[in-house]
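Report on the structure given below.
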Amino acid sequence: MSASSFFKRLLKEVVHPSENLRVERQARKAVDLCRALLTEQGEFSGASLAQDVLAAYRDLPEPGVSAFFRHLIHEFSPDSNAILGAADAYRDEPSWDRLLALQQVVEPARQELFRRLNVAPGGTAALVAMRRQVLRGLREHPDWRVIDADLAHLFGSWFNRGFLQLSRIDWNTPAIVLEKLIAYEAVHQIQGWQDLHRRLEADRRCFAFFHPALPREPLIFIEVALTRGMSDAVQPLLDVRAPVAEPQKADAAIFYSITNCQDGLRGISFGNLLIKQVVQELQAELPRVGRFATLSPLPGFRNWLEGAAANPHGVARGEAAVQALQHLQTPDWHQRPELAEPLEPLLLQLAAYYLLDVKQDGEPMDAVARFHLGNGARLERLNWLADVSEQGMRRSAGVMVNYEYRLSDVEENHEAFAREHRVIASSDVRRLARAARRHLSAGQDQAPPRKEGKRRRKEAKED
Amino acid sequence: MSASSFFKRLLKEVVHPSENLRVERQARKAVDLCRALLTEQGEFSGASLAQDVLAAYRDLPEPGVSAFFRHLIHEFSPDSNAILGAADAYRDEPSWDRLLALQQVVEPARQELFRRLNVAPGGTAALVAMRRQVLRGLREHPDWRVIDADLAHLFGSWFNRGFLQLSRIDWNTPAIVLEKLIAYEAVHQIQGWQDLHRRLEADRRCFAFFHPALPREPLIFIEVALTRGMSDAVQPLLDVRAPVAEPQKADAAIFYSITNCQDGLRGISFGNLLIKQVVQELQAELPRVGRFATLSPLPGFRNWLEGAAANPHGVARGEAAVQALQHLQTPDWHQRPELAEPLEPLLLQLAAYYLLDVKQDGEPMDAVARFHLGNGARLERLNWLADVSEQGMRRSAGVMVNYEYRLSDVEENHEAFAREHRVIASSDVRRLARAARRHLSAGQDQAPPRKEGKRRRKEAKED
Amino acid sequence: MSASSFFKRLLKEVVHPSENLRVERQARKAVDLCRALLTEQGEFSGASLAQDVLAAYRDLPEPGVSAFFRHLIHEFSPDSNAILGAADAYRDEPSWDRLLALQQVVEPARQELFRRLNVAPGGTAALVAMRRQVLRGLREHPDWRVIDADLAHLFGSWFNRGFLQLSRIDWNTPAIVLEKLIAYEAVHQIQGWQDLHRRLEADRRCFAFFHPALPREPLIFIEVALTRGMSDAVQPLLDVRAPVAEPQKADAAIFYSITNCQDGLRGISFGNLLIKQVVQELQAELPRVGRFATLSPLPGFRNWLEGAAANPHGVARGEAAVQALQHLQTPDWHQRPELAEPLEPLLLQLAAYYLLDVKQDGEPMDAVARFHLGNGARLERLNWLADVSEQGMRRSAGVMVNYEYRLSDVEENHEAFAREHRVIASSDVRRLARAARRHLSAGQDQAPPRKEGKRRRKEAKED
Amino acid sequence: MSASSFFKRLLKEVVHPSENLRVERQARKAVDLCRALLTEQGEFSGASLAQDVLAAYRDLPEPGVSAFFRHLIHEFSPDSNAILGAADAYRDEPSWDRLLALQQVVEPARQELFRRLNVAPGGTAALVAMRRQVLRGLREHPDWRVIDADLAHLFGSWFNRGFLQLSRIDWNTPAIVLEKLIAYEAVHQIQGWQDLHRRLEADRRCFAFFHPALPREPLIFIEVALTRGMSDAVQPLLDVRAPVAEPQKADAAIFYSITNCQDGLRGISFGNLLIKQVVQELQAELPRVGRFATLSPLPGFRNWLEGAAANPHGVARGEAAVQALQHLQTPDWHQRPELAEPLEPLLLQLAAYYLLDVKQDGEPMDAVARFHLGNGARLERLNWLADVSEQGMRRSAGVMVNYEYRLSDVEENHEAFAREHRVIASSDVRRLARAARRHLSAGQDQAPPRKEGKRRRKEAKED
């Protein structure tokens, strides 16, 4: 909560005690409806009661929402004594029945409440929206994590990937869905309907997951360009006036954007399955397409670089290197060859190092790298000045990565990554990283030298 | 397990130790695949691994299934020590975090396993089939209730009524669905396609709930006849040669059959919501229809009657009554007026008494009565010789009930029943029950006299 | 009209002159509605007026229909004088405008009437039914061919194959369509739902053409068995208990039944296109299927044989042959080897001769042969005792033919047949025909010897 | 053909005689394919041959198209001698058979050719496009009317309203259809997707006719606003920022735009039926809507006014009136009250006169009036400054009309108009027209005074 909003609220409380009372009464009424819904045994009128709860919730002003959540936490959580009793009983005799009893008693009544709310028309969407609200308030109200845990648990079950439907999105798709792509796109913003139309032409593919209870509401979508050769720059793909190529002649499919649409489903992962199914769809439709790769940013690269450069024992030891990196501050340096050229080898080496060597909890620090490498993709190629948009320069210093999905290796790669955080990279990328290590003071990053040695040996076996 | 099958099995074990070994190895392999599926972190290959598990499970011979379930119980249940540790931690400091930790630790890994199996194509159907197998073996293997609890918990979430789709079934429905109605119908057996066709004519309605993950597989369905006046006999409704009436002229909708289709979903209740939605559909389509009632059997009536009659202090005290009841043993008594006529008043009284006064745990002993009264229906009318089929005579002595759904009263009735097990009945039915009580020795049934008095007072207020 | 129905009608006319008057008035009213529909200029109320006409027509008793058609013929045909005037004008100056004027004046107003009737809900179906009635009465009322010509002309346009939709029929198809297959099947009767289900199993395919204005009403359908090797007998294909084969292992697709469903569309041909599209569908779905052939009856074979045998200069000259053919009169001769065996070579030779040499207007006399050969199929094989059903024995003496569709040759074959009535047959079949010719007195059939010579030379070039 | 395009063509012919030869050869080839398609008897390969013809036609450069059409006219028209022979035969004996023979012989082979072309995938769309090309060239090539007549005849049959499907268009409609609305809209141009979205909000309805063979291609569409009271100005309806009203509260449905989409279907009328069906749809959905009216321009009003004003005996006799009308030349006069106010009574009177009295061939000269009055609508109200867009001012002097569709009167109105060109107008509008007549010199328009008298009497009976 910002200072000013805190002040406003304070003011409100001071000035309008009766208003507070009214809001509290409103929240109370919503909670009472919840209680009625839960005690209702026959459930014959469940749907309309659930509808009433959701309407009451939606009508709550912001302070009412807090009060409502407070009640949900304190009145619909499991009973401490009951839990301890069941635990003691289980300790005395750890039988199946006592375990089942314990399981039941630790489950908050909230979960059953949410299950019953789901029966209302539009109930699922309302609950997803409720979790978005919970997540947004989490920093201010850490208690709300209790509600979050219940919703996340339910959503993990409801949005099981076995219930999701993969749909192709194209110009035949209803406008009501298409406008959501425009709104949601998180990687390369869609500039209106013309831009969207270009991204759905014959040389593109777009797929999304849908859930039957959220019709016309994409959960996640991916944009693919069918190209000759693996794309090494994203601006050509985003150019609305680019001529439409013949899909039959493409030999590569480039995943250039993947967007999670629903904040309220954060943490329920769909991306890996989506990529796998899309690769299968494309293989079936276009047998000539042999390569499947992303064209991805390194969203944390510049940030890391600046931190590392500021470090006296940091990134670049040579005078020349330090000087070169300073050019990154110059606006539009990439359009000035005299600045850009000396940067190319240096930055690509540092990017390779960033992806291969900079870790957090043993995994690559870069979130995009973590996602694709975790899926079993291979770090195939680094591309210079591949995204010269404002955001591309600011976050990735213009560099982009091709993560390649080779279906034959994907499971093995995935396991290697899952078990040992081993990153599979092409020899070119590994060579760049090795060069980078020479610019760097040893031991500055989390990766201890011993592991380095181990990894290096492993890498040697590949390619 | 019957004696002979036990013997066969024993024989097998003696004769073919190597066979046993082979089966055990097969079960082991299936379990290992389960473990792989669970430890697989990135889940990129989850769907194909899940498919492998389900194939391995399906291929298991019967003893292999037992072994498989045994492993599921012992290897995928929560760890006792971990539970006790988490419980102690919670006792020391009953914080939200420690509660969440305890919740996590008591949840069996099986639940996550089942969630991941669901990702396979046809996974949901396979899990429903697995629970059917578990339920069937429960008597022989009481341990399996642990697995049942996990599946029931998941299904309660997955088959939340918010995810179900109500569909009208008629002659435009795909044959693959229609043949399932023929197979599943549990109340009045469908005698082939001609019978089915008659039940889907213009003067009938049939609705079913479907789940998106089980396409073309009804979960529950209900058959409705559109009639003039409330039907008092079921044979005319089942007559395939009955002329088709004009639906626009009907003023009543008679629910004459409701069938739960999926053994594997036992205990996940759909019926009450189905009835409510169907009433709403019919009101929208046919505004002239004003009455909504069932034509239902009393499946436990004859059974109870025989028990009670055998009781020396039992059902019928008068000589004449005892004699009359003996006629029920005569085959085809209902076709002989000299036997049937004297029975009519007596049996109807006893039926009313059976429905209103005979209780189990405070609720009506009759399962059908419990269901409809629990939904808020009203016990409207008893019908003499209303089902003269072999089954109708054997179970209900030919009597049938109209439970009427008056939407305006349904919630109130439902609540009265839910809170106080109060049964709402028409004055005619109550009069019959009062008459019956005079034939009966007081106190013979579970209902204590005190309650009787209370109920009688309440009943007096109605009508 | 049969004598008795004629007599009944006569009687009616004598007894009920007032009845006649009533019917005539009813027909008059229908015609007046037609006139209103035609003169209605703005067409705003066309649909409801058209509906009125069709209702009035449907309500007409049989004699009223005749009166109605009589009026249609005499009041909605083009005006003689107008035609002759337009013809004279065109003769004077054969300009485009005068040609257009003549074209307009010769078109009966009936065609516009039918076009306007089509606007009513269900109009197309009603007009197809009307033509069925016209065709059925054609023998008794030759005048009706005028109406038939108009409807046929319109249907030729409306049922243009560009408007037809090919749909696969299987167990997912609505029952309302499936029951029509049972009703319509004209080649091998379908014995109820179980038989139908077997014909729609995984090793079968069934396709139909539909028209958007006749939903759920197949125009023509074809049944296909997926087999290993080209089927040589139909009973195995019709056996409801035959095990279901794996479609992936099939190398041949056998078209064993093709049925035109709508009498009212007689002469509007769909069959050739249906076969071609079905072959393409099957090739796409099952690349391992390499042969596409029919298993067809010779519906006119026995008939021709008997005529020819009765001819003193006829079919079989040798004593032995004549004697053998007499066995065909013996019931169940095919189950008695001592009768059947000697017949085999003789009958196959005669069947080959019947198909290759017996002509009508230069084309094969056998309608089925004419259809498939006209489509470009190849007369591939004759099969002995391939259809031993009552009908198969009575019409085809148990013999069946495989007409094979080789897509690479189909156009050439078709053209050869279309231009010169040249029949493409395998060398086996040609050999059989040559052998037959030796049994036969020359010149007995329509095919003159000169042509024989020409054909023989051509045949020699093949295989 | 403009002078410059003629010159360009001439130049081409002079400079590239070989080019001409090539084009002519290309057209010849297309025609030869047509001939093959027509003589192909079995039609087995019809679809692919038809596809070839259409491809060849599409590839023709413009001069090739002319050559192609020339061949179509001269080689596929009926034979003069055959026609005259058949006409003579019919004269000799005017029997049904000879009439049928004559009908056949006058039908150009082109019609059968077009029917066969329709079999190609996309054939119908290609033929509609072909007719558009024919219509566009008609002025330069009057001969092409022969082709036009054939296509119009076929389309009249194929696009029979019985085959059209009414679909609601809204934000759930595929983008590929919506973008066509933007492109086609002919009355009030759609300014991009935001404007379109506003026109499809909850307080609007949009319906279109589709033909099954032209999927996703609207033939005609209508835009409706749901309002309280009958709209008297169009700008509020076109305002993208106008708040969305609740449809349940509307009591009027205003048809503010109706657009024919397909030039190639010119003359095949759909509009009247569309309005009738839309009225029925709206009545079913929104029973509170009681008025159905258009808000229509008077597209020929200004034009007529200027012609009439220029006439010395013309429109306005009084000095003041003449002066007022001159203000119409002043840009933005409608925003200057001192100019607009004096014009209001005068212009409304003239508009009423224009709609009621100014005729062409006995019907209203104004095309929009002719359409709606011909459909049976009633000229209900004239609205001052109702369309102040550039086009609205230029064509209609800002005036708009409400034509009201009262279903109860529509047939009677329609007939009155169809038979006697009688215009049904409200008393207000008639009063305005009477006032106008006083400003005008008698006899200046086509309507003779006698008729005036007759109409005036009739009008008196109404209201």
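Structural remarks
We call the chains A, B, C and D, going by the order they appear; numbering starts again at 1 in every chain.
Just so it is clear, a contact is a pair of C-beta atoms (placed from the backbone, for glycine too) under 8 Å apart; a residue touches a chain by one contact, two chains touch by 3 or more.
Because the structure is predicted, anything quoted here is derived from the model rather than measured.
If you average the CA atoms of subunit A and of subunit C, the two centres end up 62 Å from each other.
The distance from the centre of subunit C to the centre of subunit D, each centre being the mean of the chain's C-alpha atoms, comes to 43 Å.
Taken together, the touching pairs link the chains into one ring where each has two partners. Pairs of chains in mutual contact: A-B, A-D, B-C, C-D. Residues 40-47, 77-78, 80, 83-84, 87, 90-91, 94, 96, 99-100, 102-103, 106-107, 115, 118-120, 123-124, 143, 145-146, 149, 154, 156-158, 160-163, 165, 212-213, 269, 272-273, 275-276, 374-376, 410-411, 414, 417-418 of subunit C are the ones that touch subunit D when the two sit in their complex.
Within the complex formed with subunit D, the residues of subunit A that make contact are 171-176, 178-179, 192-193, 197, 216.
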